[in-house]
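What follows is chain A paired twice: with chain B in the first complex and chain C in the second.
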Partner chain A sequence: MDEKWLDKQLANYPMPDRVKEEIKAELMKYDITKKKAREIIERCYSDYLRNLMEPGEAAGIVAAQSIGEPGTQMTMRTFHYAGVAEINVTLGLPRLIEILDVRKTPSTPIMTIKLEGEYAKDRKLAREVASRIEATYVSDIGDISVDIYKLQIILIPDERAMKRKQISREDLIKKLEKSLKVEVEDEGDRLVINIKEPSYRKLLQTVEKMKSQVIKGIKEIKRVIIRKEGDEYVLYTEGSNLKKVMRIKGVDYRRTVTNNILEIAEVLGIEAARNAIIKEALDTLEEQGLNVDVRHIMLVADMMTSDGQVKQVGRHGVAGEKISVLSRAAFEVTVNHLLEAAVRGEVDNLAGVTENVIVGQAIKLGTGDVELVSRIGVKSHGDGS
Partner chain B sequence: MKMKLQEHILVPEHKIVPEKEIENILKTLGIKKHQLPKIRKSDPIIQEIGAKPGDVIKITRDSLTARKAVVYRVVVE
Partner chain C sequence: MRGDELETKAGDKNHSEKGFPFGYTRFEKARIIGARSLQIAMGAPVLIKTSKTDPIDIAIEEYNKGVIPITVRRRKDRFVWLDKKSLF
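Entry: the complex of A and B
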């Protein structure tokens, strides 16, 4: 079969690329005449048209059922490890609810960080990047003690820990002076911090502040784990801050992702958020061994992102923005919706499904979609039509 | 180093549709401009390609079902 000729023929049909590829792959296998090939393509096209969803079909109901039913089989337990050892990930139903509710922060935020060039190949370099990301507190690199009599805070730095985290003594002193607004004296084996005003309360406050002070890394990232995947090192983190991590040297920002959908929407835009919703929901369902067609999830993701912001599938989002009062009232907080609608003087045109079920009318789908109008008093044509 | 967000694996290709092609697209879809899905002016990708409110953006998604899928969004405030 002539490949160029085939491509040209297929280009005339408004079919998705994947369908075309399939037809092409199949046709290339056989040695058939152009006339036959044309006929096959034509038959495939009519079959494709038959399989398209009809305009007006209740796609949303089908999607809801298709996600809802497998949802009943999902586990209720929250914690379980997934692929990454040592990191807990929310899975199953709680995670699915989290995705559809668009929580501000997921209960277990996680990032997958890919590295650039050399950093991905060398374990030492990968660790270097990890130390730039992981939040390091003062207490991680030394012992803090308080001398109440002299009103001093004494920090005994652990040289080995500092070396591992790649923090120099000057950096530490500078960072402490800047963030705590105190003066630090270097006495060789220990650092002494003097409080400006002689107040016992101030001293304790400074100690508390010092303990929670991040010396290096990103505050939100609590832990970083290095794993080798294939021929490259990948970092997994507990905690997430996409914006900051993407700017770290050695990180390949193009392939770095988080499981926090709102963060993706903020940093990478609404289309990236749509992709993230689909990926997260599909992964969650698949991990539970449930096979839900992507099309259903894609529909949900499209609804959630249609107005440029990620909105939840609930009364503060997709369901809450329905035009029909009765439909909204049937979902959640019935009285509030009815009361508010009455105050505003809203009108329900009974265009949707829920409203019509409530008032006991045929819904505008299937048989109910067709309206017959008879013209009384008009004589039929002579041919009997 | 300047980051190109459009290179990110989660971000599909965004392009501004030329003014004269908009009418044709809306005609094929059989809708008015305000019925298109929206994208905010503050969206990082819109900032990157420098689109203004009222512009129509052509988005070429990598679809799991159709391989390539073209959708449109209109830029809003």
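Entry: the complex of A and C
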């Protein structure tokens, strides 16, 4: 197939570039006549037209119903994700609600961390990265005991655990001294912290603080699981902190994702958040065996992210920030909205659907949006379709 | 009302360069036929020779022949109306 000729042919058609590229790639594979190729393009074009939405069509309502109906078939509560070993993931309806409500943190934050180069191939190196990410507490690497009489905290470090987590004794002492503002004495098999003030309360406070002290790793990440996927090792985490994980050596930040949409919006920007919403919502629906066209979800995601920050679908977002008073009042907390609008002297332009239904006019959708004019004296040709 | 008025060119015979819009949308078609059949039902002269008696059927036939003296006004500020293929 002649590439230049094909490009010229396709240039005549008002189709998206992606569709054109796909047609081109497919046609280049075969050796066919120009007439046949033209016919194929024409067929693709008519197919494309059939998939186009006409002006005036209620895209939002179609999207709402297309997501809502499968939603009724979703399981009310599902946890446990069979695919990822032992990690609990909120799925089904609760997860979908979570995505659309844009909760600050999802009930089960999860990260999928891909590794770079050597780290992805070698299990040892992968574990090394995992230990850099997973939060390690003092109690994980030793036994803490308290000597009330001498006002001492005694930490007996577990050498094997420390080696596995790759923490040296010096690091541990330094970290403890810095975070607790105490002096640590190394007595060979044990570390002793002397409380200078003769205060029992101070002693207990220090112990509590010590127990919750993260020695290594990222505070938010409670657990890391290493799995082999294909020929590379992938880390799954319970808990999420995209910003910090992306900085860790060995992590391929380009392919590392979290299921916390707000975090993505903060770290990677609004477009990434839009894609995350689409992906998460689609995955949740698909996991339940429901097939919803992406474009419906894309519309929702676009509405949620159109003003530069992620806003939820409910009262404090898309529905609550509408310009029209009547539209807002029709949704929730009717009296408050009407009262406030009256106080402020708001004007309603009756541009939307809800407003026009309320005042009893034809809505600006479908046949209601058509403006007829007479065509007297014009030589006529119908489109004859 | 503001906004440029765009008259549709019904029936785009020139297929070498395809552009938007293409004829009437199904909503526009419904409104045109609806309005015309109302006229016929109320006694307006029928513009074609037909054996049909139902005003809607007559209106549909008139529409297909392209003789209905009604068209639509499309406003630029109403919806995104792409009439340049370069928009893609």
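By definition in this document, the second predicted complex is superposed on the first by the 333 of 385 C-alpha atoms of A that agree within 3 Å, B and C clash if a C-alpha of one lies under 4 Å from a C-alpha of the other, contacts with A are read in each partner's own complex, and residues count from 1 in each chain.
The rule is short, and it goes like this: a contact is a pair of C-beta atoms (placed from the backbone, for glycine too) under 8 Å apart; a residue touches a chain by one contact, two chains touch by 3 or more.
Here the structure is a predicted model, which means the values were calculated and not measured.
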| item | value |
| --- | --- |
| Partner chain in contact with A:335 - chain B first, chain C second, else both or neither | neither |
| Touching partner for A:275 - first (chain B), second (chain C), both, neither | first |
| Partner chain(s) touched by A:376 [first = chain B, second = chain C, both, neither] | second |
| Touched partner set for A:257, first chain B, second chain C, both or neither | first |
| Touched partner set for A:17, first chain B, second chain C, both or neither | both |
| Partner chain in contact with A:294 - chain B first, chain C second, else both or neither | first |
| Chain B versus chain C as contact partner of A:148, first or second or both or neither | neither |
| Shared contact residues on chain A - chain B and chain C | 16-17 |
| Parts of chain B lying in touch with chain A, wherever the complex brings them together | 3, 5, 7-12, 14, 37-40, 43-46, 59, 61, 63-69, 73, 76 |
| Chain A to chain B touching residues, read off their complex | 16-19, 21, 246-247, 253-255, 257, 264, 266-272, 275-276, 278, 294-295, 298, 302, 305-309 |
| In the complex, chain A residues that touch chain C | 12-17, 45, 49, 54-57, 364, 366-367, 369-376, 378, 380-385 |
| Residue ranges of chain C touching chain A (in the complex, touch as defined) | 10-12, 16-28, 30-32, 34-35, 63-75, 78-82, 85, 87-88 |
